[in-house]
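Residue numbering begins at 1 within each chain, and the chains themselves are lettered A, B, C and D in the order written.
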Amino acid sequence: MLTTATTIQTGADYIDSLRNRNLTVYLFGERIDNIVDHPLIRPSINVVACTFDLALEDPELGTAVSPFTGDRVNRFLHIAQSAEDVVMQNRMQRRLGQLTGTCFQRCVGMDAFNALFSTTFEIDRQFGTSYHHHFRTFIAHMQRQNCVIGGAMTDVKGDRSLAPHQQADPDLYVHITRRTPDGVYVTGAKAHQTGCLNSHYLLIMPTLRLTEADRDYAIVGAIPVDAPGITYIYGRQSCDTRSLEPGTMDAGNARFGGQEAMVILDEVFIPNDLIFMDGEYDYASMLVERFTCYHRRSYVCKSGVGDVLIGAAATIADYNGTDKASHIKDKLVEMTFLNETIYSTGIAASHSAIPTESGAYLPDDLLANVCKHHVTKLPYEIARLAQDLAGGLVATLPSEADFRSEVIGHLLEKYLKGRADVPTEARMRILRLIENMTLGRNAVGYLTESMHGAGSPQAQRIQIARQSRLAFKKDLAKTLAGVLTMGD
Amino acid sequence: MLTTATTIQTGADYIDSLRNRNLTVYLFGERIDNIVDHPLIRPSINVVACTFDLALEDPELGTAVSPFTGDRVNRFLHIAQSAEDVVMQNRMQRRLGQLTGTCFQRCVGMDAFNALFSTTFEIDRQFGTSYHHHFRTFIAHMQRQNCVIGGAMTDVKGDRSLAPHQQADPDLYVHITRRTPDGVYVTGAKAHQTGCLNSHYLLIMPTLRLTEADRDYAIVGAIPVDAPGITYIYGRQSCDTRSLEPGTMDAGNARFGGQEAMVILDEVFIPNDLIFMDGEYDYASMLVERFTCYHRRSYVCKSGVGDVLIGAAATIADYNGTDKASHIKDKLVEMTFLNETIYSTGIAASHSAIPTESGAYLPDDLLANVCKHHVTKLPYEIARLAQDLAGGLVATLPSEADFRSEVIGHLLEKYLKGRADVPTEARMRILRLIENMTLGRNAVGYLTESMHGAGSPQAQRIQIARQSRLAFKKDLAKTLAGVLTMGD
Amino acid sequence: MLTTATTIQTGADYIDSLRNRNLTVYLFGERIDNIVDHPLIRPSINVVACTFDLALEDPELGTAVSPFTGDRVNRFLHIAQSAEDVVMQNRMQRRLGQLTGTCFQRCVGMDAFNALFSTTFEIDRQFGTSYHHHFRTFIAHMQRQNCVIGGAMTDVKGDRSLAPHQQADPDLYVHITRRTPDGVYVTGAKAHQTGCLNSHYLLIMPTLRLTEADRDYAIVGAIPVDAPGITYIYGRQSCDTRSLEPGTMDAGNARFGGQEAMVILDEVFIPNDLIFMDGEYDYASMLVERFTCYHRRSYVCKSGVGDVLIGAAATIADYNGTDKASHIKDKLVEMTFLNETIYSTGIAASHSAIPTESGAYLPDDLLANVCKHHVTKLPYEIARLAQDLAGGLVATLPSEADFRSEVIGHLLEKYLKGRADVPTEARMRILRLIENMTLGRNAVGYLTESMHGAGSPQAQRIQIARQSRLAFKKDLAKTLAGVLTMGD
Amino acid sequence: MLTTATTIQTGADYIDSLRNRNLTVYLFGERIDNIVDHPLIRPSINVVACTFDLALEDPELGTAVSPFTGDRVNRFLHIAQSAEDVVMQNRMQRRLGQLTGTCFQRCVGMDAFNALFSTTFEIDRQFGTSYHHHFRTFIAHMQRQNCVIGGAMTDVKGDRSLAPHQQADPDLYVHITRRTPDGVYVTGAKAHQTGCLNSHYLLIMPTLRLTEADRDYAIVGAIPVDAPGITYIYGRQSCDTRSLEPGTMDAGNARFGGQEAMVILDEVFIPNDLIFMDGEYDYASMLVERFTCYHRRSYVCKSGVGDVLIGAAATIADYNGTDKASHIKDKLVEMTFLNETIYSTGIAASHSAIPTESGAYLPDDLLANVCKHHVTKLPYEIARLAQDLAGGLVATLPSEADFRSEVIGHLLEKYLKGRADVPTEARMRILRLIENMTLGRNAVGYLTESMHGAGSPQAQRIQIARQSRLAFKKDLAKTLAGVLTMGD
C-alpha cells in the first residue's frame, strides 16, 4: 500500500496527473495540445498506468519499503537494498510485460535512479561535492509524489566516428551552454526517449565515456517534463495510424502501446539542487556502465511480452486446428526455451548483484550483458516462429471495416473461419495481435527496441570482452596443459 | 524483343490494360472502382510493370523463344525447355528483386504454367483426356497477348485438421457446384492471392492431395480476372495507409509494393476448353508437388530483395559514420553470406532440373525444398542485422510531415544529421526503406511471404524427408561399418 | 573443516580408500586388479580426489553444515536446506570444472541424494513405509565416512519402443529377481555409469516412469561398489590409450579424465535397511523427475570446463600471434557469451528453488531443463570455435615421440614454432589440450555427456512442454486481443 | 576407360606404385620403411585407391577426355574445359565421400592443377616466360602416367602477425635458398599436407599474398615425393592407434582414413622445366585465390561424407527402436537439409563457372566461399545431431576385446542388445562408425579439416567481403529510397 501522502495512487490518478501541462509536442507536423486523449498516444499512457495499478493490486511485487521515506513506494522509484530487491525488479518487469504486451516505459527511470545513486556517492567521495545528498532529497520527493521518471541518455550523436566535441555541430550531444549562480542551461537533443511525455521528470545524462575536452558534456540533472525550452517530436511507429482508425481489431493490441519521442532541449535550465554531475567527466563512463548494467537485465520484461506472443501463437494453433501436430508443439517448446533463456540470464545477473559503496546493489555486469545480448536476437526468432504458427493470413488479413461491412462482412465471416467452434472474429483478433507484435506497433518495442535499447549488440560484446577474465582462464588452461611451469 | 503481334509491350501498356475492367474489389469496407490509380494499390501495379520493361531492356534475361509461337515471349509465360531455362528464371527473379525491393507477383503464374504443362500431359496419357492440348492452346494465346497469369492455389482451409469434404462448410475449399454441357461452376475462396487483381487470368488449382471423396475439389481451370461472380477483398499490409499520406518518405519504398487479396468465387463459370483437370483427384498431388517444386526455388527472388536491404544497411552505416567498424563490416559479410545461400540453393535446384515426359524441365525437388526452407529463416536474420546496422532511429523516426514543417523542420534537419556531408533527408529516406523492408509494407513480402508462400516450413520438411533417400544412405553406413555382411 | 570422525579427508586419503577392494573390472578384455594405479584409469580417480581437496582448501564452497550430523560435510553429500544451498552447488561445480577440465563424477550422487530425500519422504507419507528414516540414517553414515556415492539410474534399455516388462529379455532393466526376509536380489545392467568404480556406494534407481506391470522394476537401494555379483566393464573413450603411452603431451590433459563403465548386476543383494523404494511404481517418475531436475542444472559444471577451453583458445591465439585480430577477439566474446548462458540458466534454476515437503530445496524444473538443453548445444559450438582459433594443427600435430626424437625433434622444434618468444612445446601442449577437449578423452565429457547425461535433448523438450503454462499464456493473449469476452 | 599407355589403372596398381620408394617418414618417433603395409597408414592409401577404381567403374563420373592427350584421363588430373566439367568434379567428390566416409586426398592436386594452369598462362602473357608450356607438358605426362598429385601450399607460418621475410626464422615459409643453371633449391616446411605420402608428385606453392620483399618465397614447382631432402613427419589423429589394435570394430571405419603429414624440405632441388613460377610475387595472390576458389567448393565432398553419417544415424535409430519418433525423423530432416546446403552452394559455384583466359573454367568465387564457409559450420552440427540420435553409448561403449572375451563377451551380447532382431555387433559397429566420424579418426577429416582446409573461416569472410559488390547494392537501395537524385 502506498502512503497516504502520495499524490498519485491509482492508474487513473496518474492519467489525470498528465493533463493540463504546457508541453510543446509535435506529431505529423501538428502541435498536439492534449496528449492524454489523443488516440495515437493514449495507449502509451494506459500502459504506464498499469504500473500504478500493479502496485495496488500486488504490493509485494510492485512496491518496496523505501529507506528514505520509511514507506512503501512504487518499486520503480526504489533504490535496491539487496540482491533480492534486484531480482524483484525482474519479476515485476516480467509480470508487466505479460499484462501489457509492450514496453511500460518506467525501467529507464528506475535504472537511472539506481545507477546515479551509487555514482553520485562515489563522485562526492572523491571531490567532496554534494550531488549524492541532493539526489537523495530528490528521490525522496519523487517517492512521496509517486512520480514517473524518464531517463534521458541517448544523444542524437551525429557522426558516430567522432567524439562530442569533434562534431560539426556541438549540439549533437547535450551540453552546457551557459551558467548562472542558480544553475546551468543545456542545449541538444535526446533521441527515441521512451515514455518521456508520460513522465513527470527527466534525468538528463551523458551517453558515453567522456574526456576532458568534453567536459561541458558531463552534465547530469533533473528537469520537469514541461520545463521551458523543450520540444517533443513524436516518433512514428509501424502501423501507428491504425490507432486513429475506427474499431479496435486492426490495432491488434488496442489498449497498450509504447512511446518514443525526440526531446529537443533549447537552453533548458537546471537549478543547482537538481544537478547531479557537472564536469566530472571521468564519472560519465561509470554512470553509463552502471546504468546499462541495470538496464540490460531489465530487458527481462521481454520475456513477459514473449509470454503473450507464445500464448497468441498457441491460441492461433488451436483456432486453426493444428495444435496437435508435433511440429507445432515443438515450435511452442522452442519459443518457451528461448523466452526462458532471456528470463534466466536476467535473473542470474540480478541474483548475483553485489553492493556498491553507497549500499545500492548492482547486478553482475557480465551476466547482465549476456542477458541483453540474447534479447537482441531471441525475440526476433520467437517472432519468426509466431509468424510460422500464425499462417500467411497474419499479413494478408482484410480490414475490420471489411469484416463489419454489411455487403461483404458475411463473406469474411464464412471464409475466415478456422475451427468450426471458434468465432471468426476471435481468430482475426489473435492474428492481429501477432501482427501487432511482429510487424506492427508493438514490434517496435518487442524487436527493434530489444535490439537497440540499453545499447546495441556490439556494446554488449565490448562489455563481455572486458569482463571475460581471459588471463584467469588462460592460467586454467596452461595449468592443465602443463605449460605454466615451462616459463611461459 | 517481343513480337509485334503482342498487344501489351511496355510497362505502360500493361498498366493501361488493367483499366476499365469490371471488378468487384473491396478495401477498408469500400468498393474500389479504379484500382489502377488508387494510391494504396498502385505500387503493386508498378512492380508488375517492371516485368514488362525488363523484357524490353534485357531480352536475354526477360524473354525466351516459345516453342509454341516461335517468337520471343516474356519469360514469365515460357515453358522451360532446358535446365538452363530453369536457371534463367532464377536469374531474372533475382534481378527483378533488386530493381523493386519487393514481390513482383508473376512467379506463381509462371510456375503454375510449367507445373500444369507436364501434369496435363500425364493425365491425358493415362485417361485419354485432352487437357494438355487445350492448355497448350491457352498458353500460346496468353503468350501472344502477353498477359499476366495469377495462380490461385491456396484455399482458405477452415479447420486444418480436416479434409475438404470433412469441413463444416463445403465451400472452405473451392469445388464444383454445378455442371452444364459448356463447363462447370465453382464456389469457394482463395486466400492471400498474390497479384490477383494485377493479372488478366487466374488459374484455379487445388491446394493439397485429394482422395476420391474430394473428387469435386479436383478442378483446374482458367478464368478471366473479371469473370462474373468474383469478389476481391484486399488484404491489409503493415503500414499500408502510409501510401495514402502526402509525401513519399514515410512509405520507404513509395513506388513499389506487393499485393495480396482474398478471392471469393461464387458460382464462377469455367468453359470446357479452359478446364485442365476435372475429377482426376490422383493428380492433384502431382500438380501441387510440381508447382511447389518450381515455386520453392522461385524464392530466389528474395536474394534480389536481400541485395537491396544489404545495400540499405551498408548505406546507413556510411551515413552514420560506422562503416569502418570491424563488426559492421562483418555483419555485412554475414548478410551477404546468408543471402547468397538462398541464391545458391535455388540455382543448384534449377541447374539440376530434369525433363518431364512432356519435355518441360522440372527442378530438383530436394534442392528446391532446401532453398525455400532457407527462405523461411534467412531473410528474418538478414532483416534483424539490417535493423542492427540501422540503429534505433529506424523505429522512432518522426514523420515526413514533421520534417517538412516550417516550425520544427529545421530542428529535425539539425538533429537527425549523421555524417556532416550527407543530407539529413537522405539518411531519413534510407532508414524508412529499412523500416519498409523489416516492419512495413514490404516486410510482408520479404518476411511473412517468405515464410508461408509456396508452403510453410513444415511442408518443406515433409518433402525433404520424402526425398532424403535414407535406405541408400543406411547402406553406405552399413557397408563402411562392416555390418552389411552380417545379415542385417 | 571436516569432522575428525571422518575417515577420508584429503584427496590422497580418498585414493587410498579405493585400494584393496575386490572388484571385477574388465578393460580391453582383461580383468584389472589394481584400478588405482592403472594409467588409463588413474586420471579419472585424480579428478574425484579434487573434490576432497577443494573441501579442505575452500570449505565455504566445498562443504556445508549437515542438519543430520551437525558437522561440516562435503557439499556433495549435503541435502540442500535453502535456495542458496542449491546455488552453492552450482558455484562449486563451476569451480571444479575449471580446476579439472573434465567431469569430476560426484554430481550424480549428490543429485540422487537430494531427489531421493524428498521422494522417500512423500512415499512414506502415503504408504506409512519407513524408507525416509532409513535413508536419513544412510546419509548421516555416508557424511561421517565422507564417502563417494554413485547414482546408478540409466538402464541399458534394449528396444526403446518397449516398456521394461515388454522387452524380449526382462533383464534389460534392473529388477528384483528374488526376495528373502533380509532383502532383495536384483539383476540387470546400468549403462555408462559415471564414476562408478571411483565410488564407495551405488544408489540403484529406476530410469523411467513405471506402471503396475513394471512393479518389480520399482526398486531403489544402496549397494557397496564391491558387492558380490557385480561386473564392471570399462567404457572406451576417444584417444583413451594415449594414457598408456610414454610422455604427457599427447594426452592433452594428462592428469584428469572422466570415467564411465557398464555395471552388470547378477543377483546382487540389497539388505532391507538400504532399500528406499520397493514396488511403489507411481513414485518412480517423481524420483526420476526430481533427480533430473537437480541434475540438469548440475551441468553448470560445463561452464567451468568451458572456462578452460576458452582459456586454451585465447592462449593459442597468443601463441600464434593472432590475438589482436578483431575476428579472434570476437570469437572469444562469443565463446564467453555462450558459456555464461549455461551458467546463468543454471543459476536461475537454482536461485528459484522451492522447498519440498521434506524441507529439501528443489530447483525450478522449467529453468533446469532450459539449462541442460543449452548444454546439449552450446559446448559443441564453443568447441567448434576453439578448433577455429587453434588452426588446423590441432588435428595434424605429430606425436610427442617425434618431438622428443633425437633425429627429428629439432625439426619440429624449428617448424612448429609460433610466436618467437613462446616455447614450441608450450604451443604443442595447448593444441593437445584443445584436441583433448574437442576430439579426445575429455570431449566425451564436454560434448557427448553434455548431450546425453541427465537425459537426451528430447527429454528436456518434453519437460519444457509440460512446464510451459500454455493455458495461462493463451489467456494473456486473449485478454490483450480482446477475445476473452467473446465467449471463446 | 583409361588409355592403355597408362601405367597405373586399378586401385591395386596404384597401391603397388607406392611400394619401394625411398621415403624418409617418421611416425611416433620411428622411421617407417614400408608405409603401404603399415596398419595405421594403409587406410589412407585404400581411400586413394578408390579414386582409381571409380574411374574404371563409372568413367562418366571418374574420368574426362583430356585436351592434351586426347584420351580419357582420371578426372582428378583433368583441366576443366566447361562449367559442366567443374560441376562434374563436385558430383565425383560427393560420390567418393559416400563410398569412403572420409577424405580421399586428391582434390588438392586437382585444384592446384586447374589454378596453376590459368595462372601460368597469365604470368607468361605478362612476362613472356614459358611456365605454361612447361606446365602443360607436365600435366600431359601426369595424365599418361595416371599419377597422384599433392598440392603443397600451407606453410607452417610461425608468427601469424608477420610476413614471410619478417619471421625470426626465414624458413618458416618455403623459399629458394640456392640457384644453379639447372634449377633451384628450396627449404622450409609445409604443414598438414593431405595425402602427401600417397602422391607421386608434390606441387610446391606459396600460401599467401606476397610483396617484393618476399620474392624468394614466390616459387612454384613440382617435385617427386621421394626427392632427396624431404622428411615426412606423420600427423597424429584422434584414435589413430586403434588401427594398430586387433579387430576391426573399434576403428569404426577400419578400411578408410585420411592422411596429413608435415613435409620438411631441406635444400630440395627443382629442375627448370618443373618450375612454374619464380619470383613473380604479384601472381602469388592470383594463384592462391584461384586455388582456394576451386578448393573451397571442392568441400562438396563433405556432403558425401555427410550422407554416410546421416545413414549411420538413421541406422542406429532403427537399431534402438526410436525411428518412429517424430523428433528423430525431424532431426534426420535437419541433417539432410544442412548436408544439401553444402552440396547446393558448391554446385551453384561450379555451375556459375566462367572461362579464364587460358580456357580453363573457374568457379564463381563468391559462391565458392559461401560453400566453404558453410562447411566450417554445418558438419559440426550434423555431427552433433548424429551423436544425439546415437545415444550416450557412442562414447562409453566397451572395447571389441571385451565383446570377443570368452569370459564377459556374452554379457555384452546380452546387455548391448537394442531391437531384438538386430545383432548386437551390428549395433556396436554403427556406434563405432558414428564415433569415428564425430570424435575419432575421420572426425579429423569431417570436422577439423572442414574448418581449416582451403582456408579457415575468416579467410572466406574476407573473400566474401571483397566480392559483395556493396557499391552496386547501395545504388539499388538509394534508387528505391529516392536518394540517388539528392546529390548523395
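The criterion applied here is as follows: a residue touches a chain if its C-beta (ideal position, glycine included) is under 8 Å from a C-beta of that chain, and two chains touch if they have at least 3 such contacts.
Not measured: the values here are computed from a predicted model.
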**OP:** Taking CA centroids for every chain, report which one is farthest away from chain A.
**Re:** D
Original post:
Pick the pair with more C-beta contacts: B-D or B-C?
Top reply: B-D
**OP:** Averaging only over C-alpha atoms, locate the centres of chain B and chain C and give their separation in whole Å.
**Re:** 52
Subject >> Euclidean distance of C-alpha centroids - chain C vs chain D, Å >> reply: 38
**OP:** For chain B and chain D, let me know how many angstrom lie between their CA-based centres, rounded off.
**Re:** 40
Original post:
Which chain D residues reach two or more other chains?
Top reply: 327, 330, 461
**OP:** Would you identify the shape of the chain contact graph, picking one of line, ring, star, complete or other?
**Re:** complete
**OP:** Name, in rising order, each residue of chain D that touches chain C in their complex.
**Re:** 26-31, 154, 156, 158-162, 167-169, 171-172, 189, 191-192, 231, 233-239, 241-242, 250, 260-262, 264, 320-322, 324-325, 327, 376-377, 380-381, 384, 387-388, 391-399, 401-402, 404-405, 407-408, 411-412, 414-420, 435, 439-440, 443-444, 447-449, 451-453, 456-458, 461
**OP:** Would you mind writing out the residues of chain C in touch with chain B in their complex?
**Re:** 326-327, 330
Original post:
What residues on chain B touch chain D, complex-wise?
Top reply: 87, 98-101, 248-249, 252-256, 307-312, 314-315, 318, 329-330, 332-333, 336-337, 340-341, 343-345, 347-349, 351-352, 366-367, 370-371, 373-374, 422-423, 425-426, 429-430, 432-433, 461, 464-465, 468, 470, 472-478, 480-483, 486-488
